[in-house]
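The letters A, B, C, D and E name the chains in turn, as written, and every chain counts its residues from 1.
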């Protein structure tokens, strides 16, 4: 009975939405803004990856808001789960492969992460994706050695300074008389690593922050003593 | 999208949708989390087809990877980490007590 | 100086990011960071308010002209709300010292920043982002009271809010695929041709339900009583007083600028009526003061939704009057609930313990039910004259429901007020009667003074609100300001 | 291209189907963890919907590969928004599970009815009000009291 | 800017409130406040030309708020009601400020709050009476409601509960008026009386119907009209003594004032008469008249059942309101005059009766009619006042109640409404029966042992009572004095004016000259006295100096049974009517309770999301498909 209700509900909702959405023109979006951005983005931001120029330039404040959400979620999770850094009893010590593999993977992951972050304005990828990899790099030792503590002070330093430097870069533009978060220092060398002015810096901040945030979250989830 | 891509997309859609239904229907929570990560993975592939490599990367890294990791860690903490469903002996106790309705 | 307006939005974020580090270095310094930032925000916005609200202006973030980039739209309505956010953030500042102070204060700063963003932003998706930030920050603040029921209430809120954000995203996706833009002004230009159809309506309704979660719209407000009953009073006050109004502001902007369909308005009226009925009736039986206030807040928000469904400047004036009145009163009442939150029966004779609190409570109650010289009366008066002026019979039902709800409201509020003055039984020592904490009482009295001041200067206040409403109701002005001209915002 | 016209709808079906399944799951689940999972699915569906909004036929990814020429690109704006939405989603999800952990610790259950009953009871207890009997779940759904001899066993069964 | 007389009056009234607020805890506060009422009364008397057809006096205070103009003014109507208000306030306050106040304080009462509440009541009533437009009327109305609430609730306990009931009813009324005002505002575009007058003439029937229903329900609740009468008696009865005298005298007449102003003056009886109820022969005016008559009958017979003196009086207060409304809606010259005159008369005797009963309570400590008796020998003056009062209440000559009731009856007969006449007479019958119960159970019969040594009420309480008794008699003798004011009121609200003389009314269908009536009456009395004193020898003996059944009487046995008075009659006619209205009230309340429970259930059910989301789905579906 329950499943039937669910089926009816889901089916009804889906069908209704579908009947509306089928009126849309699939594959030929109006793209008013998208078209406009595509034509000027490389010149205005110096990034070949237009998604990056949207994320950090045209919609920079969205990204700032998103970083704040992540920060808020991490802080709230910290608040909920408390600060007790007891070693995890639920996770068992990793085996040989995990331990040594983890140790070996750590520099590799760090390199990949930073590479993805720094090439975010040129190729797919960027701060979020790189940040996740950084988080994985930070978290891996924890998985391998439950006894090892993640350095929380370090982590919160990184997240604090990364987040605030994102804002600071924006504020510098404001102080220069430009608008908040206006891209600066754009070189006329499209396609090069240094072409996009402040964008890679912003992405670095994003990546570090995301990495630190997620690593903190994961360690919170993994570390706190289970009371159940 | 070429026609072949469309067919691939259709196949992926089917996978994603059935995985989504599975998430809700399977009894075992680990299986549910796994199914959820299949949904994410399928979506990531769909995003590639839809010419959204950035999104695909993010979905794969965050949706399929990180999110599943979080859920899995949470499962441990929640005491729902039971690979073979509910153990028969505990099942009996639950039936007697009528208390535990989690699994 | 216009470009400075971005600071009240950004500096709290900045402060929030750095606060844990500063706190780690020096608690003494850290405690002053938040209030200093909020004070600075008040100063900037206050200056902006004084230096001229005659013309709204638009501020492009990143220097990208509006349809492409994101802009802040600063008119007197937005400024007023932004100012209220900073002020209330200051009043409800979580100063309590414990190991979690840094996190709590950081969350509060984030909440303030996000609320400011909701007030100012002129882009649909950006609004969504800030909306989510508000949500996450409030989840943290609610669960900070760390009782089991607070967690359970939070998860209920979180899940409803998640449903809401999915629906909002769906609506945004629908709008974007139809029009290809998300800038409100640009949408307003395109709306008459492209969104005046079923698709637009569906998009609006999804967003309405999504945003309605925080605005305590009827079907999606089941989180309200539990959350307000378990969260700290300051958090409840901020949520009920301000955040709900900001969610309302989004709906207001959408209605004024984009969606003019009759059906959209009718649905809102319908849901508003249901909200009034359910909220006020449920409050009648509430057994503790917090839940009573929570239900009553649902009812009040329902009244505002009814007002919102009157699509002209006068309706907008009623919305603003009711909103700001409710902001003052409900914040103050929740501050009183700080000590009086328990069972209503325990409040017997509480007036003897704390006469000032009882008087403030009665003042708020009188204003809430619309006792004439108080501002609540004028707010209600603007609403009912507008309702009576509408032709559709649904509005008359709304009017009747509104009036009956007021009666019920008076009944339960004054049942409580009478209980406060009931003589205490002999054997019960007077110290055991609950009493609002000193700081809460001071803030509640502050709101009371504000209310009285508004009552005294009702004419200038009314004119001000009318001016604000006029500016907010002017869709052309919005479009012109954002799209033509003053884009750079220097 | 007749088959493609039907097929293009599949993507919409996927997106809206995910949303519907997710919402139905949230609404119908008895278990809080399952509700969170359902929410994740619904959000994924909404993301797909957003990406679909910017897709165009025969276009390339929005990355310039060579200077000068402008090939047709898909819309970059929804992609940027989806990036944001995904990260927001994971943040909320992490917060949700950490709250679930606490609920499980406090109430020993994640069944939504039982949690609601526990919550009601605790609020009433803190407020000092008596609890309405009519608010409790109907008799059939209420858990039976544990047998006298087996508290330890039931504790064991939980973890 | 010079202050007009009205400004002066309101200023004095405001000063009274301030004095009561800030100096009310000092000792002679009661006297100060009383003197201030006196000053207010003098200031009102300076406006006396209003009572004889003078031009309205505006206040210089005009407020522009939110696009509305608020103004205040006094005309004959306001003046007449203000006179009654201030008069009863002065006498009640005077009554209160001597020994009564001390006793009240000793019993744990809050004298400061009492004086403050009285002053607030008077002030808000004056504001209401002075209203110059509908909005200021509503503001005054709300002020009066809440000030009344304060006075009623201050005794605590049962009083608070009664006051809560009152305020709930009052809120219903206020909201009905509020809604009516909104509708008027929409059709007239303004709330000024002139604009409304023009708008009313163009209103459609449904619109007018709605307004009449809303306004008469709203004002009627304050008056205690039939279905809404349950709140009044307990609320007034539980108010501290002089307060109930004041409230009983004037408070619910504010409803009549508003009806006069809005229904009679603005809408016009003619317009109301034009509202036919379909499929019946009656119209809205008849409806109101019948409501008035039922308001006379049922509460009066309820009063008969009461065993508490104050409850009994309070129930009568409701019934008497019915006479006033009846006279007004008959609306010919004599009927309206009777209705209006009855306001004055009722205020005088109701205040006197409440004061006399309070004096008895002051001395004996109880108002239970089953525990009193024979007090005439101990408190003869109070007895006299009560006697005068009940004669007035019953509408018998030579007191003033007779005049107003005679006018109402006469107009009913003149207008050809015999059924209403009969019904009104039944009401009077009930009145006579029940006031006899009052005086019998308190003053006549056997004196109780515990009351053997009580004294007459103190002079501070006696003087106001005697003044009132004198007024009752004098205006009974010379009804032309108040009739002059009444006539100018009638003129002010646009009704025709009867041809009045100092001693009564002259009309073609039958004149009344009270001087002549009373002359005959007293001549009769004189003859009787002559016979009594000349014919028989009489000796004054103690009550118990007697015997019954061969036994001498002793004080510890009750020989006179006043318990459960009229039990047989009540058995005959039954008390169903009261019960049925209580049932109505209870069912409304439990309906609200039930709905409330349901709504809470919606919010607290664990899977409420399901129902609610389905609702949302249906809403979307409804709109889209």
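By our rule, a residue touches a chain if its C-beta (ideal position, glycine included) is under 8 Å from a C-beta of that chain, and two chains touch if they have at least 3 such contacts.
What you see is a predicted model; the values in this text were computed from it and never measured.
Participant: List every chain that touches both chain B and chain D.
Facilitator: Both chain B and chain D are touched by A, going by the contact rule given at the top.
Participant: Can you name the chains that touch chain A as well as chain B?
Facilitator: Chains touching both chain A and chain B: D.
Participant: Which pair, A-C or C-E, has more C-beta contacts?
Facilitator: When the contacts at A-C and C-E are counted, A-C has more.
Participant: Going by C-alpha centres, which chain would you call the most central?
Facilitator: Nearest to the common C-alpha centre lies chain C.
Participant: Using CA atom averages as chain centres, what separation in Å is found between chain B and chain C?
Facilitator: 37
Participant: Quick one: report the Å distance separating chain A from chain D, using the average Cα coordinate of each chain.
Facilitator: Roughly 20 Å separates the two chain centres.
Participant: If you average the Cα atoms of chain D and of chain E to get two centres, how far apart are those centres in Å?
Facilitator: Chain D and chain E have C-alpha centres separated by 64 Å.
Participant: Measuring centre to centre with CA averages, how many angstrom lie between chain A and chain E?
Facilitator: Averaging C-alpha atoms per chain gives centres 75 Å apart.
Participant: Among the residues of chain B, which are close enough to touch at least two other chains?
Facilitator: Answer for chain B, listing residues that touch two or more other chains: 1, 24, 53-54, 58, 62, 66, 70, 73-74, 77-79.
Participant: Could you say which residues in chain A touch two or more other chains, in rising order?
Facilitator: 6, 9, 13, 17, 20-21, 24, 27, 29, 31, 33-34, 37, 49, 51, 58-59, 62, 65-66, 69, 72-73, 76, 80, 124, 128, 214, 217, 221, 224, 226, 228
Participant: Any chance you could list the residues of chain C touching two or more other chains?
Facilitator: Where chain C meets two or more other chains at a single residue, that happens at 125, 129, 132, 136, 139-140, 143, 146, 151, 159, 163, 170, 174, 176-177, 180, 182, 198, 202.
Participant: Which residues of chain B touch chain D once you look at their complex with the stated criterion?
Facilitator: For this pair, the touching residues of chain B are 1, 3, 6-7, 9-10, 13, 16-17, 20-21, 23-24, 29, 32-33, 36, 39-40, 43, 46-47, 50-55, 58-59, 62-63, 66-67, 70-71, 73-75, 77-80, 90, 93-94, 96-102.
Participant: Quick check: in the complex, which residue numbers of chain E touch chain C?
Facilitator: For this pair, the touching residues of chain E are 63-67, 135, 138-139, 142-143, 146, 153, 156-157, 160, 163-164, 167-168, 171-172, 175-176, 178-179, 182-183, 185-186, 592-593, 595-600, 602-604, 608-609, 612-613, 615-616, 619-620, 623-624.
Participant: Inside the complex, what are the residues of chain C that reach chain D?
Facilitator: Touch residues, chain C against chain D: 125, 129, 132, 135-136, 139-140, 143, 146-149, 151-156, 158-159, 162-163, 165-166, 169-170, 172-174, 176-177, 180, 182, 226, 229-230, 287-288, 290-291, 341-346.
Participant: In the complex of these two chains, what residues of chain B are touching chain A?
Facilitator: 1, 24-25, 53-54, 56-58, 61-62, 65-66, 69-70, 73-74, 76-79
Participant: In their complex, what parts of chain D are in touch with chain C?
Facilitator: Result: residues 19, 22-23, 26, 32, 35-36, 39, 42-43, 45-47, 49-50, 52-54, 75, 77-78, 81, 84-85, 88, 91-92, 95-96, 99-100, 102-103, 106-107, 115-116, 118-119, 122-124, 126-130 of chain D touch chain C.
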